[in-house]
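Alright, structures below, take your time with them.
Next, two complexes with chain A in common: one pairs it with chain B, the other with chain C.
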Partner chain A sequence: MKKTILLIEDEENQRILYSEELEKEGYTVFTASDGLKGLKIIEEKQIDLVVLDIRMPEMDGLETLSKILGERKNLPVIIYTAYPHYKTNFMSWGADIYLVKSSNINELKEKVKELLGE
Partner chain B sequence: MVKKEIELDDLNYQLYLLHTICKTLQRTLDVDKIIHVILTGLTAGGALSFSRAAIFFFEKEENCLKNGTGIGPYDSTEAGEIWAELGKTGMSLEDLFENGHRIQLGKQIFPQKIKKIILKLDQIPQNNPINIVLKEGRVYILKSEEKHLLPSELLEVFQYGSEIIFAPLFIKEEVSGLVIVDNAFHYRQIEKTTIDFLSLIIIQAGLALGNAFAYQETKKNLEKMEELNETLKKIQEEMSKQEQLVAIGRFSTYLAHEIRNPLVTIAGFTKQILGTNDLAKIYRNCTIINDEVERLEARLKNLMRFSFIPKPQKEEFLVYQVANELKQLMEISFQTRGITFEQEIPEDFKIYGDKVLLREVFFNLINNSLDFVEKGGWIKIKGFEEQGYCCVEVCDNGCGISKENLEKIFTPFFTTKSQGVGLGLSVVKIIVEKTHNGKVEVFSELGKGTTVKISIPKKGEE
Partner chain C sequence: MNNKEKIITLVLAGGKGERLYPLTRDRAKPAVPFGGIYRIIDFTLSNAINSGLRRIYILVQYKSFSLQRHIREGWNIFSRELGEFVDLVPAQMRIGEEWYLGTADSVFQNIYLLNQEKPDIVLILSGDHIYKMDYRSLIQFHKEKNADLTISVFEVPVNQASRFGVLKIDKDLRVVDFKEKPEVPEPSPLNPEVSLISMGIYVFNTEILVKRLFEDAKKKDSVHDFGKNIIPSMVGRDKVFAFPFIDENKKETKYWRDIGTIDAYYEANMDLVNVEPILNLYDKDWPIRTYQEQMPPAKTVFSGYDRKGEVLDSIICGGCIVSGAKIFHSVVSPWVHFHSYSEISDSIIFENVEISRYCKIRKAIIDKDVYIPTGIQIGYDEKEDRKRFTVSENGVVVIPKGMKW
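After this line comes the complex of A and B, so read on.
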């Protein structure tokens, strides 16, 4: 059975890019443009991993993360952001991996594989 | 008859001495010099002619007399030496007052011994002459037969005189010290007029020392204030450095989000093109890349806008018209957010300035208000003249700005908006203050709303 990934990202072009790239790896990818929509998908679908942006309208990444941890403590979360700054206090947030966006999408793919135990 | 003439001569000399002392004391605020003048005056030959003179200061907290200064020989041998040396210098009384503290006569035994003396008053009996002088504030003449009353350290230095006079030193109506003089080595009896003169000189000394101490205190306070000022300056410099760091931090945050995101997207889609032959996909990716490049360009323009404000092209323009243009331009935003936009600008109200730049100012202010006003709220733009200025106010009944944030709103890259860049108000400040020599003021109350007031000098007063 295919593993499912939820990508929460406000920039449309990045949603297209990352979902296509992850689908290429054989995953089913759901996307959401903000935290609220993302949480709804987590409730409705069987999600195995979340890729989460930080700076988003409505509900930002950190608030979303705290809600996810409240609902499904064991759901792996990768923070995928353009900001390198938050990395220093990322450990206290409870996400599994903090990854700074770069032109090398393979980094993301590898971390996804690692967390899904493949 | 001859005796009378001598007495008159003495009196004349004493008056001359007093006059010279007063004159010298009036010219100085230097405590050491004042003490030197007093002690020299008391011991100068031909006038009061005391052999030695010493002054001690009363330390209230320690209840003791200390910080003594003395002038004069320790014993008769030194007395002979000093008087001979003094004769050789040929110094006048004025010279002695002005420069005497720079020459050291004899072996300085007496001054050194005086310097070391500390008289603890609670160790001296209450009825001792010293305590009587300090308590009652009067002169005490100690005769030879009473010398046993002296504390041992004083007795050691004043053992030779047949009379020792203790006089209180008053500074600002308080007994603040003790002057001791004696007639050692010549043993002439001390006359009543001499004691009166002594008292007069000590009164002058008290006045001069009072002024000098007040001056010292003021000087010390001034130095302390200067020190504080220096510290404050350092703190301010440190703070402005911190602020700059914070601004740089904000700038890098801005770069991270606004520049890195499109770059990453462009890189991703470019790599997809390189790995596919699917023309439709290549076309779609190129379109996305083009969009992202345009976004990047717009952001860069925004940044440039901040660093480069063109030279203003000033003209008189109707503010009413500009506000109308903005109203039309922003109508959709007002409608979708359910916000009322009102104008209170007289139709003939004009501003002398760069119309394009000031339109940007008004736009930024209204745009800011839009983000803080809730549905059903209002934004008003007002125009009026005030003391040589043409003023435009943009007011709203939005959530207001906290006191803490109010200080930061003009700092580049400061923003509380999730999507804001934090340059809008910085640009407003630069356009109004730098290019129009005007003023920007912000009045805000949390929960009630905000008013930003722009004042541009009237034509001819800019």
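After this line comes the complex of A and C, so read on.
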């Protein structure tokens, strides 16, 4: 069975780019444009890993992360943000990996692989 | 303590105190009255302010109305302008939809508080215990040892240690093993007759605390408890030290009580009416404060031969009237009215109780707002008492709050 990834990212171009790149690696990718929508997908689908942006409308990534921790403790989460400074927010420590976005998408792919144990 | 260093104190006050039932029927354990005018939590809070710690969060959840009122009325003494506060934090379910699961979960659910304050050190206390302690020496020790976690420890005889978390330490006081409620408790290397038990007092470096809380939150088999999960997961990996309790009570034997049962509660109160109580409430250098309303002084009337108001070997608080009744070896809270020809001995009576004429009461705890009609006897016929009331193992009869005849 293909592993499924949920990508929560408000910026459309990035959402398309990252999901296509992850699909190329053989994953099934669901996407959501904010935290609220993302949580709904977690409820409905069988998700193996979440890639989570922080700055988003409606519900930001850190609040989304705290909800994920409450609902699905063991669901691996990668924070994927352009900003390193959220690391000082203790809530961000709840993610398995905090990754700062760069042009090198391979970094993300490697971390995904690592967490999904492949 | 150096002022630049940020310390946050978290008082865990969510304990149900099930073994103190029915005293905990309507209130959380930290809100249970003690020694006439105090609530159990007053000791921890007094220790904190006597130690110069004035940034305090009290984490509450279970039946917290009485506790919240007490804190609001009695502990609203801090200056927010100076960065001081004592704030009540009810379970808000920010993370997840459940009430606090264990002690560690109650802190985990409130990580956002640490985020706001960004303290260097977090002092975690329990609102359930009675003792006097200067937390400054503990924090000093924590820093000298460059520890990640320091646990304050108390010595109890090995055969009584099984109901606590027991530590094994090396000669540098580093903790090498920690077992919650072990069947065979480890004796202390300093004295084989005693074991070192955790007093539920922890100093954490904030970073390591947050890391370990997240780690634990993700574990499926964890009950999210400091004693059962967090501490065992840190021993052997992080720098965990034991701090031998230094008592501010200044008596020969060190005083620390986990008032877990009705009998332990009863004994701890009765200690106070001894000529030389072990717990010293009279030390002006380590005052225990509480909330007290304005009250008229206690009063006794009738000095006749038959009808005599008498109070012996007892604590009696403001607002009380002893009118022709005899009170012996008892602890009486404010606003209690005793009527003529009644005899009360070896008892603890909470606020706002009225005892009518010709009552005989012995070895009882009478909770708040109870009216006892004429001629009632309590504590003289165990079989009868057991039909109507909770009676402890040692035969202490408990009359619940608001009981009506």
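Operating definition for what follows: the second predicted complex is superposed on the first by the 112 of 118 C-alpha atoms of A that agree within 3 Å, B and C clash if a C-alpha of one lies under 4 Å from a C-alpha of the other, contacts with A are read in each partner's own complex, and residues count from 1 in each chain.
Note that in this section a contact is a pair of C-beta atoms (placed from the backbone, for glycine too) under 8 Å apart; a residue touches a chain by one contact, two chains touch by 3 or more.
Quantities reported herein were computed from a predicted structural model and do not represent experimental measurements.
Asker: Applying the touch criterion given at the start, work out whether A:Asn74 contacts chain B, chain C, both or neither, answering first, second, both or neither.
Answerer: A:Asn74: touches chain C, not chain B.
Asker: Is A:Arg55 contacted by the first partner chain B, the second partner chain C, both or neither?
Answerer: So A:Arg55 only meets chain B here.
Asker: More chain A residues touched by chain B or by chain C?
Answerer: Ranking chain B and chain C by residues of chain A touched puts B first.
Asker: Once chain A of both complexes is superposed, is A:Glu20 in touch with chain B (first), chain C (second), both, or neither?
Answerer: Touch partner of A:Glu20: chain B, not chain C.
Asker: For A:Thr28, using the defined touch cut-off, is the partner it touches chain B, chain C, both, or neither? Pick first, second, both or neither.
Answerer: Once the two structures are laid over each other on A, A:Thr28 reaches no partner at all.
Asker: Just to be sure I read the superposition right, which of the two partners does A:Ala82 touch: chain B = first, chain C = second, or both, or neither?
Answerer: first
Asker: Touching A:Thr4, do we find chain B (first), chain C (second), both, or neither?
Answerer: So A:Thr4 meets neither chain B nor chain C here.
Asker: Output check: A:Ser66 vs chain B and chain C. Expected answer is one of first, second, both, neither. What do you get?
Answerer: Only chain C; A:Ser66 stays clear of chain B.
Asker: So in the complex, the part of chain A that touches chain B is made up of which residues?
Answerer: 11, 13-14, 16-18, 20-21, 55-57, 60, 82-85, 101-103, 105
Asker: Show me the residue ranges of chain B that touch chain A in the complex, using the header's touch definition.
Answerer: For this pair, the touching residues of chain B are 249, 252-253, 256-257, 260-261, 263-265, 267-269, 271-272, 288, 291-292, 418-419.
Asker: Write out the stretch or stretches of chain C touching chain A in their complex.
Answerer: Those in contact with chain A are residues 94-98, 111-112, 114-115, 118, 210-211, 214, 217-220.
Asker: Under the stated contact criterion, what part of chain A meets chain C in this complex?
Answerer: Spelled out, the residues of chain A in touch with chain C are 66-67, 69-71, 73-74, 88-91, 93-94.
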